[in-house]
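The first chain written gets the first letter, and so on, giving A, B, C and D; residue counts start at 1 in each chain.
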Amino acid sequence: MSHFIEIKVRGYHLDLYRHVNNARYLEFLEEARWSLLEGKTTLDYLQNNGYAFVVVNININYRCAASMDDILAISTSVQSIGNRSCRMQQRVMRKASDVVIADADVTFVIVDTHTEKAAPLEGELRAMLERLMN
Amino acid sequence: MSHFIEIKVRGYHLDLYRHVNNARYLEFLEEARWSLLEGKTTLDYLQNNGYAFVVVNININYRCAASMDDILAISTSVQSIGNRSCRMQQRVMRKASDVVIADADVTFVIVDTHTEKAAPLEGELRAMLERLMN
Amino acid sequence: MSHFIEIKVRGYHLDLYRHVNNARYLEFLEEARWSLLEGKTTLDYLQNNGYAFVVVNININYRCAASMDDILAISTSVQSIGNRSCRMQQRVMRKASDVVIADADVTFVIVDTHTEKAAPLEGELRAMLERLMN
Amino acid sequence: MSHFIEIKVRGYHLDLYRHVNNARYLEFLEEARWSLLEGKTTLDYLQNNGYAFVVVNININYRCAASMDDILAISTSVQSIGNRSCRMQQRVMRKASDVVIADADVTFVIVDTHTEKAAPLEGELRAMLERLMN
């Protein structure tokens, strides 16, 4: 099952067009990822082992504008796990209506801060990511 | 020729890892697009005709981290023009070394604010976009 | 009684020093004010009557740094109501320890968007603000 | 003489009211302070000696709204130097008209990162701050 958070759209999220600004969605998505990671003690594991979560690609579709007072439901789940990178899918919906506001594929690596390189996704690290799959 | 702007990385651009945050790059790219549009009076044309520039997709690769005091050179150019959407390429380089920090394909439509629909990219509108091509 | 919200500190809230950035606190305070206003239907009243909530002064003390994973509790209450301006007090505490992270006096006016002027704080408008007092 | 920078207001700086958001001004002010500090090699001195520039109070007046395409001129100068804290004055003007958009007193300390305490502002440190006075 996907992980969900909710964010209510406030005045400071909007821009010239009085819609949520493109860049702000990336903060919403990051908020959702931290929430996912902390929810299963994944974050503690990463921090205690000198791993950093590093995004290498975001492919985001802006499908519909979000406006003041909209309540957004953001789902996040791991979609696929490769040898050294992993892909999450995140979706932003307007809660009242299930309209898709935006969806994104987010590809990340787990950097070993000792070697400064992407860690191979095997063993305990892989198991941890598998627990975050849909 | 591409359009260029420069941004110097400051303390408030950074995040937990002391690197420029993912979301912040989208503000840098937006800054570069406004600069491109105003530079050839494109922006005046759009605003005077009730057109809004609306991004529908951003596909961004984060290739290398940017840190405090880095000077970033951001290039922007129109890559291809379809019937109703258009694609720009934007690239963020570390100026001192020509290292690519990030690159992005940005797909946008020109919304006619009278009809709330994507305008067909023909006539004067298309000519204007063609002048922004590489 | 004061109104409270909680915000958990995430990676994108931090800056060069790995502390929550000065500017970000103003978003936290704005979030808390929207939450206060909507909680007592104040926001509906303002929006339906063409009133805009406009901040004219913020005096903020940064007393202690907030770091990754801190849970912040933000209290907001109306402190005093003048003829045309009103002052709120907002305080950001680290929830686990009651350490004061920041506190701010926020002075605002209610602009009548028809006249573009600060509305006199009397009658229903004043009563509404009095209900937000500590 | 004051130090000046210019910032052009873009779509992503605005909020619900289509004016520059309160929090964003604090980023503009921080940008101006970094620019002042680097301009006289103050920043190198601080970084090389393990000093961090830490803001302890900002008192900002929002006097007039700034809108899309406004060019803002931001002046910064040191106003007074105490034993352990120092006060800057920063002013944001609309360049075309000299209208004051916002002004702020910013009080900061220089934290010695070895002791984690505010350094006494004497000797070379004080001389450096004196060179930044109006």
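Side notes on the structure shown:
Just so we're on the same page, a residue touches a chain if its C-beta (ideal position, glycine included) is under 8 Å from a C-beta of that chain, and two chains touch if they have at least 3 such contacts.
Computed from a prediction, not measured in an experiment: that's the story for all the values here.
When the interfaces B-D and A-D are ranked by how many C-beta pairs touch across them, A-D comes first. Farthest chain from chain C (centres taken as the mean of C-alpha atoms): B.
As a whole-number value, the distance joining the C-alpha centres of chain A and chain B reads 23 Å. Taking the mean of the C-alpha atoms as each chain's centre, chain A and chain D sit 34 Å apart. Our note on geometry: chain B versus chain D, Cα centroid distance of 28 Å, whole angstroms. Counting partner chains per residue, chain C shows two or more touched chains at residues 11-12, 17, 21-23, 27, 30. Within the complex formed with chain D, the chain A residues making contact are 11-18, 21-23, 68.
Chain A contributes residues 8, 10-12, 27, 30-31, 34, 38, 69 to its touches with chain C in the complex. By the touch rule above, chain D contacts chain C in their complex via residues 17, 21-24, 26-27, 30, 52, 54-63.
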